[in-house]
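Note that the chains take the letters A, B, C and D in the order they are written out, and that residue 1 is the start of every chain.
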Amino acid sequence: MDAFPKSLLDGYRSFMSGRYVEERARYRTLAEEGQKPQTLVIACCDSRAAPEMIFNARPGELFVVRNVANMVPPYEPDGQYHGTSAALEFAVEGLKVKNIVVLGHGRCGGIHAALAPDAEPLTPGDFIGKWTTLLKPAAEQINANSAMTAGERQTALERISIRNSLANLRSFPNVATAEKQGKLKLCGAWFDISSGELWVMDNKSGDFIRPE
Amino acid sequence: MDAFPKSLLDGYRSFMSGRYVEERARYRTLAEEGQKPQTLVIACCDSRAAPEMIFNARPGELFVVRNVANMVPPYEPDGQYHGTSAALEFAVEGLKVKNIVVLGHGRCGGIHAALAPDAEPLTPGDFIGKWTTLLKPAAEQINANSAMTAGERQTALERISIRNSLANLRSFPNVATAEKQGKLKLCGAWFDISSGELWVMDNKSGDFIRPE
Amino acid sequence: MDAFPKSLLDGYRSFMSGRYVEERARYRTLAEEGQKPQTLVIACCDSRAAPEMIFNARPGELFVVRNVANMVPPYEPDGQYHGTSAALEFAVEGLKVKNIVVLGHGRCGGIHAALAPDAEPLTPGDFIGKWTTLLKPAAEQINANSAMTAGERQTALERISIRNSLANLRSFPNVATAEKQGKLKLCGAWFDISSGELWVMDNKSGDFIRPE
Amino acid sequence: MDAFPKSLLDGYRSFMSGRYVEERARYRTLAEEGQKPQTLVIACCDSRAAPEMIFNARPGELFVVRNVANMVPPYEPDGQYHGTSAALEFAVEGLKVKNIVVLGHGRCGGIHAALAPDAEPLTPGDFIGKWTTLLKPAAEQINANSAMTAGERQTALERISIRNSLANLRSFPNVATAEKQGKLKLCGAWFDISSGELWVMDNKSGDFIRPE
C-alpha cells in the first residue's frame, strides 16, 4: 500500500470530504438501482480531456470509453478481443443509452503519432503504430498537403478521426438499426484544451461549429 | 448540432462558467507545454466510477484508459488492434508515467457478465462475451464455489480482475523492466459505489485494505 | 444624378451629420498634410469584411487594397497592368508604411470559386477563373483530401491564401529588403464573419490563433 | 503574433465591444445566407476615403474594390491576371449587383503620379508608372493646359479618371448589356477629403454636382 501514489490518496480524501458528501444519496441510489446513463462518450485517454469535467457530469450520467485518439474500430465479429466494441455493445444493448458522443480534442498525441508514420516504434510490439493505422488513409491525405501547417494538419486529422469513429460506429449493425429507428443519436465534439472551447459537429455537413 | 444532448451542452456551460475559470491558466499551460501526467489509470467505463472524480484530479494529472471491467489483455505483439496495449505503450514509453493504477469498483456489469457465461450474447458479434473470456478461468473457479453468495462472488471476481490486469501488465516486457528498475510502480484499488469507500491493494499479499 | 443609389446618399447624409462632425478637424489636417497611414491592408472585396469596420479605424489609418480573395500576385515586372503591385509599391515606397496585413475571412466567394475549377466561367473572359489560378496548386491539394468536409476545405484554403499572399509579398525585392531591415512587418489575419472572431497568424508556424 | 500591429488589435477589441454588438445578428445572417450587396463600389486605396465610412454602410451593403486611383482597366480577355476585372465579373454575374459606383476623391496620390510622368519610378518594376498609363492620354491633355493651376489640373484629372473608369466598365460586354437592359446602373462620385463634400456625377453631362 506504500506504493499507492500519495497524490491520489490525498485527492480521494478531498473527494470524500467534498463532492462525495453532496452526492452521497445519489451514489447510494446508483448502487441499489444500477446505472442508467443516457450517454456513451468515446473519448481520449489524454489527461487534459476528461469528459466528466468538460461536461460537468454527475455520477451516473456518462458511460465512458477512453482509448488513444477516441477511436472506434470498424465492426469485426472475428472472435478477437475488441475492448471498444465490447463497451459499445454493453452501452447500446445492455444499458440502452440514447446518445453516443465521440469527443476529440486539440494537441492529441495519438493523432500526432498517426501523422508521423515513419517514427520509431515506442516498443517492439508497436501497439501505437498498429492502432493508428485506423487513421492511415486519412493521415496520408493530410500529409500530402504541403500548404497546411503542422498545426492545421493536426487539427484537421483530429476532426477527421471523430468523423471516422462515427462512420465506424455505423458499421455495427445494431447501432445503425437503432439510429434509423430513432432510438439512438450519434454526435461528435472537439475540445480545445488551450481555450476551453467546445466545437460541436454538425451532423449534416460534418463541420465543427461553436454552439449557441 | 440539434442532435447534441442538451444536458451535455448545459453541463459544458456550467464547466465554462465554473471550474474552467479556476483552471484557465492551467489549461493554457498544459496546451503549450504538453501533458505530463504522473499516473496511468486503467478504469472501468461505468458511469459511477470516473477516476477524476474519485481522486479529485485536476486537468493534466491522470492519463486514463477506460474499458469494460478495467481489464488489460496479455502482451500480444500479433499485429492486431489492441487499444489498451496502445494506451499503455503511449503512457509508459511516450509520457514516462511513474505509476499505473488499476481501478476496479463494486457492482461492475462487466464482472457480472463474466460470471454468467451462458447468458445470451447481446449481439451476434458477442463482443462482451469474448472480452470477458479474459476472466474465464477465474470466473469458473468462483462459480464452482457454492458456499459464496452471489454478492461475494461478484466482489471476489472484481478484485481478481484487478490482480489479473496487474499480472497482464507485467507480461509487457517494457513494463516489467521499468518496474524492476524502480521507474514504475503498479498498484490496484477498488471503489465501493454504495459507500464511497476506496480499498487499496497491498502489493505483497494482494489483499484490499482501507487506507489510513 | 437620379441614378445615384438613394441608400448611399442617405448613408452619406448620416455620415455628414454623425461621424464626420467628430472627424472634421482630422479630415482637414489629413487633406492639408497628406495621408501618413502606418499600415497597408490587403483585404477581400466581400461586403461583410471591411477592414475599417473590423479594426474600428479612423480616417487616415489604413491604406487598403481590396480584390477578390485578398490575393497578391507574385512579383512580375513585365510591363503589364498590376493593380495590386502598384498599390503595394505606392504604400511601401511612397507612403513608407510600417506594416502590411493580409486580411482573409470566412465564407469567401473567391476561395469557393478556386475550389471549383471546373465550374462554368461567369463570362467568356473568365476573369475569376484566371485570377484564382493563383491558388490552383493549393486548391488541388485541398480538393484531393476526401476526408475533409466542404467547410473545412474552404477554411483551409482561406488560410493558405493568406500565407500565399504573404509569400508573394516577399517575392517583391523591396518588400523583402525592408522586412529584413526591420522597417516593415508582414502579418496575416482571418475574420470569422459568423462569430466576429479575429484569428491572427503566428508568423513562425503560420497557424491562426485567437489573440489575447 | 507579436508582429501584429497593436493599434489594429486595439481597434478590433473596440469593434467587438461596440459596433459588433449591434450588428451581431446581421453578421450571423450574412454568414448563413451569404452576402447580397446591391452595390459594387470601385474606390481608391487612400486611407482617407473608405467608402463604408463615407456612405455609413452596414456590413453586407457594399462590395468594394480598391486600387490606386479607383481605376478600371479596359476589357482585355487575354488570359492575364486582372484583379479589378475579376471582382467586376464576380459582382455583376455572381452577386447580381444593381449599381456600380466609381468613387474618386481629392488629393489623390495616384492621380498626382499620373500627372508627373517623368518622375523617377518608385521601384525598378515601376508598377505605379505602368498602372497610371491608363490615364496617360488624359493626363497629357491636362498637362498641356498651361492656364490651369496645379490644383485644378489635379481635380480635373480625378474627375476624368472617374469618367474613364465608367467608360472602361462599359467596354465589358456583360456590363454594357446589363446596363442597356436596365438591370444595372453606373454612377460616379467624388469625395472632397478636406470638406467632407460628396459630388455626384450627372450621367448625361458628366458634370459633378452636389446633391440636394
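For this structure, a couple of remarks:
Quick note on the criterion: a contact is a pair of C-beta atoms (placed from the backbone, for glycine too) under 8 Å apart; a residue touches a chain by one contact, two chains touch by 3 or more.
Going by UniProt, the chains are A, B, C, D = Carbonic anhydrase.
Treat the numbers as computed from the prediction; the structure is a model and nothing was measured.
Under the contact definition, chain B (Carbonic anhydrase) and chain D (Carbonic anhydrase) share no contacting chain. Considering every other chain in turn, none proves to be in contact with both chain C (Carbonic anhydrase) and chain D (Carbonic anhydrase). Interface residue usage between chain A (Carbonic anhydrase) and chain B (Carbonic anhydrase), two copies of one sequence, is largely shared: over half of the residue numbers at the contact are used by both copies. Put simply, chain B (Carbonic anhydrase) has to spin 30° for its C-alpha atoms to lie on chain C (Carbonic anhydrase), with the angle rounded to a multiple of 5. We define each chain's centre as the mean of its Cα atoms; on that basis chain A (Carbonic anhydrase) and chain D (Carbonic anhydrase) are separated by 53 Å. A straight line joining the Cα centres of chain A (Carbonic anhydrase) and chain B (Carbonic anhydrase) is 15 Å long.
Mean C-alpha position of chain A (Carbonic anhydrase) lies 40 Å from that of chain C (Carbonic anhydrase).
Multi-chain contact residues of chain D (Carbonic anhydrase), defined as those touching 2 or more other chains: none present.
Contact topology of the protein chains: linear, an open path with no closing contact. Chain pairs that touch one another, listed by label: A-B, A-C, C-D. Those residues of chain A (Carbonic anhydrase) that touch chain C (Carbonic anhydrase) in the shared complex are 137-138, 141-142, 144-152, 156, 159-160, 163-164, 195, 205-207, 210.
Residue ranges on chain A (Carbonic anhydrase) touching chain B (Carbonic anhydrase), taken from their complex, read 1, 3-5, 7-9, 11-12, 14-16, 18-20, 24, 27-28, 30-32, 34-35, 37-39, 45-48, 50, 52-57, 59-68, 71, 73, 75, 77, 79-91, 93-95, 98-99, 101, 106-107, 109-110, 113, 122-128, 130-132, 134, 172-174, 185-187, 189, 193-196, 198, 200-203, 209, 211-212.
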